[in-house]
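Structures incoming, each one as structure tokens.
The same chain A turns up in both complexes below, where it pairs with chain B and then with chain C.
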Partner chain A sequence: MQASRARLFKEYKEVQREKTADPDIQLVCDDSNIFKWTALIKGPSETPYEGGVFQLAFSVPEQYPLQPPQVRFLTKIFHPNVHFKTGEICLDILKNAWSPAWTLQSVCRAIIALMAHPEPDSPLNCDSGNLLRSGDVRGYQSMARMYTRLAAMPKKG
Partner chain B sequence: MDDYASSDDDYNYSDDQDSVGDVFANDDLDFPLVSSKGSTTQVITKESLLAAQREDLRRVMDMLSVREQHARTLLIYHRWDVDRLFGVYVEKGKAFLFAEAGVSVDECRDSSSLAYDSVMCEICMDDVPIEEATRMDCGHCFCNSCWTEHFFVKINEGQSKRIRCMAHKCNSICDEAVVRTLLSRKYPDMAEKYERFLLESYIEDNKRVKWCPSTPHCGNAIRVEEDDLCEVECSCGEQFCFNCLEEAHSPCSCLMWELWVKKCRDESETVNWITVHTKPCPKCHKPVEKNGGCNLVSCICGQAFCWLCGGATGREHTWSSIAGHSCGRYKEQEKTAERAKRDLYRYMHYHNRYKAHTDSFKLESKLKEAIQGKISISEEKNSTTVTDYSWVNNGLSRLFRSRRVLSYSYAFAFYMFGDELFKEEMSEDQREIKQNLFEDQQQQLEGNVERLSKVLEEPFETFKDKKVMEIRMQILNLSTLIDNLCKTMYECIENDLLGSLNHGIHSIAPYKSRGIEKASELQVSWSNKANNTGVTAEVERPEESGCSSRKRARKEGLGGGFFDLNLPAEFLDRN
Partner chain C sequence: MEDESAASKCDFSNDSSCSCPICLGPLIQVSYLDHCFHKFCFNCILRWTNVVSGNHRTPISSVKCPLCKRDNFSIIYGVDGTCFQRHYVNANVEDCFILSRAHRYRLQCYYTEQGFLEDIFNILQYWKSCKYNQPNNWLQSWLTREIQALTQEEDVDIIVHHIFGVVKALWTSREQKSGINVPENKQEEFKMSVSEAARPFLGARTDRFVYEIQLFLASGLNIEAYDAVYIQRLGWSSPGVNTEVSQNELIDRSTVIPYLYIFDDDSDGNE
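Moving on, here comes the complex of A and B:
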């Protein structure tokens, strides 16, 4: 408990310092609870998510960093490894491949990498996974782009 | 004969023991005939567990020149299969073998960071003095308190046998000694648990070793040398099939036995009426109780009839000619009969016979005591011709063993010649031929078993020497004959029946003329006990905290707060 707080506090300070260093990630800690974080990440360029800003919710366990945080998308996203309804993410480092050396910041980077390189073979979103697996890249991309436009872009006007 | 007196209590069956699966549970044959010489199965007790795994550890340590902990990591990865481990070594080389299992023996630690007096731990992000950090063999260095918490969490998650390094993508398994040292400083209980998990890996992760399934648990495990398809007796007396851990059930295959037990449970209501303990006399219709092991019963009205089929038998249907009766051969119902009804009748036919033999077994078990009495009386006669009565006991154990075989052979036949498992495997004609072949053997066996049962009931203690010698000859001859018939039946099942099938999933434990093999005690040499391994028996302390048992839940057998080293740690943890 103490260890996880201390570590999260260190990460918090690091984030403040690095804010300008990684313009694609904006990590914010909940004012009243250091175990709740949110992040805004930019959709990687040359992907259907380009131009979108996606919000992630972090729930950090007391055993952190020995156990991984729970992360999910708050912004709707069409991606093979993200559950379309719940925003749950299928990513090995958030499960059995977790290492305590990871930080919330590096988890965000891993999620951005996942957006650029989907894994259609372990899909949480079957529709999206099926499109990709069947080789219909254009179908997948246009769906993903549509949802990026609908959900992840600042509304104009 | 010492064993004999001590096992008198073994035959106290409760009367309502209708469930399958425990009838033969106490088929305890402590006769001199049974020897554990040259057995290929061994009992691993609390005391010998360490020695048992040390053999394998030493082979690997010698062969690869590695430390014990690395040998253990390799063996755990390869599920204690030394041959497989060496196979990988020969085929793919040492580097691959080590990397795959997470062993880093590359101990040329870069001493650059040692030059500083503090290191930054990437986990807690603190700067810690160098003496409060530990570098693993893989080269990754973190602070001791982070390591300790990491070990704690991993052991709690049940991953104690392979605790990985904390660094990202590092596959290396943590140094046992480090785990032990760091854990015991802050979490001595956890350190203890870790030792136990390592020790028990030899049983839990080893396909050649299994816990004895007795309840309450005897604390032993059994190791087989080669074939895991065998039936074995633990030193606690529990007899079981090593493959499925259920009671010994050959010549049924494990799957057949599983299906049969389930079937009997499901159908027990339906066929209750047929398994009652009495049968109506075919002549006067009064219920007749079976009062001996023999399947020829007679009513007070004088009518003799066959217990198996309930049919009246004439003068010639005496014990000496019962071999000729053919009721064991099931006549298929008329083609017009409804299928469901036919299936039920078919099941009842087999179950009836299965049950008749288990019941005979129960009754005959009581013979054991009676026969000891007769032997004592006979011995007091101080006859000069007959001085040794071991043939009676040998005959009795032959009877028990063959009853058992006979009983299970009906469950076997039910599946072998039914539609459930092998419908596609044989044509109708083939099936009929095979069924006739098998039933011929079964009947011969059945007839002779009944004869043996009858002879053993003779009041030989009242006979003259000459008559006793005749009885002795009869018992010896019948025993040999029955042994051969059993052997032939197993061979027929293995080669002609199961052997010809396409699906190789059905195999049976080989026939053992001497009965189920008693596992011998593993010989422990304590010479290397005082090894510096750290995994010593210094773990005899109470346990607490919880996780769940994977392998086999055991509810009883856990009285005091002191744990039995040989009970699975996971099990103890729940209490």
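Moving on, here comes the complex of A and C:
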């Protein structure tokens, strides 16, 4: 408990110090609970998520960093490895490939990389996975773009 | 040693080589993984190792480095320039060989002044009274432990076999010409042959080793009795009893006299 708190505090200071280092990621710690974080990440360019801003919720376990944080999308996203309803993410480094050398910041980077490179063979969103696996890249892209526009872009008017 | 002082110096700098990748804080009790040599706090990497092995149903023998994913079999810690300690990922391997307290006591003997036991175990008397004509049954076991302690290796059979063979050859050759040689010559012959046999493996510790082996032979005691006398004279508590206190004591002594014997090989030949 004490170790995780100390480590999260170090990460908090690092985030404050390097706020402008990675313009695609904005990590914010909950005001009253250092184990709750949210992040805003920009959809990577040249993907159907470009132009969208996606919100992630981090729930950090007390054994952190020996155990991975739980991360899910709060913003709706159409992606083979993200559960369409719950926002749960299927990513190896958040499960058995976790290493304590990852930080919340680097986890965000890994999620951005996952957005750009979906893994249709381990889908949490079967519709999305099936489109890609059947080779219908255009179908997947247009669905993903539509949801990005609906859920991840500021509404006009 | 360097790393510890470096870690305390650069707490505030941004140099990632000075902070532990697990706690992100300054390195406390610097430890290394044995294959990739990435640095961590001892407690941090130990906890991670325990978490990883806890996730497996069967015991694991290696752990992947959190930074580079290379397989590593042990954590090296307590590096003080003279010795280091090792924590094996697989506890069974650890049971097989890690310097035991008895080994450590032997190693510490090499940091003491030579000769403080000569009033009890008289080496000269041993040669004069031709006691060497009675072969010592415990010598081989004693050699094994001694060389394990000095080389910090488990498998020393070949070295022991070699040195023991040289000693045995001396015993038999002495029997043949026992009437000719005076005790001093026999001692010199023994010293020369044994140090010649041992030097390639023990380096600068050879001379003291040759002295210690004579001391053991002169005692005429078995290993337990010999240890008891030795330890009592050193004023240390015996191995196995009250481990915590005496262990600290042993470590203290090793830091008081910071000889780097193992690395002295080159200077040795020039003297």
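FYI, the second predicted complex is superposed on the first by the 157 of 157 C-alpha atoms of A that agree within 3 Å, B and C clash if a C-alpha of one lies under 4 Å from a C-alpha of the other, contacts with A are read in each partner's own complex, and residues count from 1 in each chain.
Operating definition for what follows: a residue touches a chain if its C-beta (ideal position, glycine included) is under 8 Å from a C-beta of that chain, and two chains touch if they have at least 3 such contacts.
In this text, all values refer to a predicted model and were calculated from it rather than measured experimentally.
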So, after the overlay on chain A, do chain B and chain C clash or fit? They clash
Going through chain A, the residues touched by chain B and also by chain C turn out to be 3, 6-7, 10-11, 14, 63, 65-67, 99-101
The chain B residues in contact with chain A across the complex are 122-126, 145-146, 149-150, 153, 166-170
Counting only contacts in the complex, chain A reaches chain C at residues 3, 6-7, 10-11, 14, 63, 65-67, 96, 99-101, 103
In the complex, chain A touches chain B at residues 3, 6-7, 10-11, 14, 63, 65-67, 93, 97, 99-102
Listed in rising order, the residues of chain C that touch chain A in the complex are 21-25, 44, 47-48, 51, 55, 64, 66-67, 69
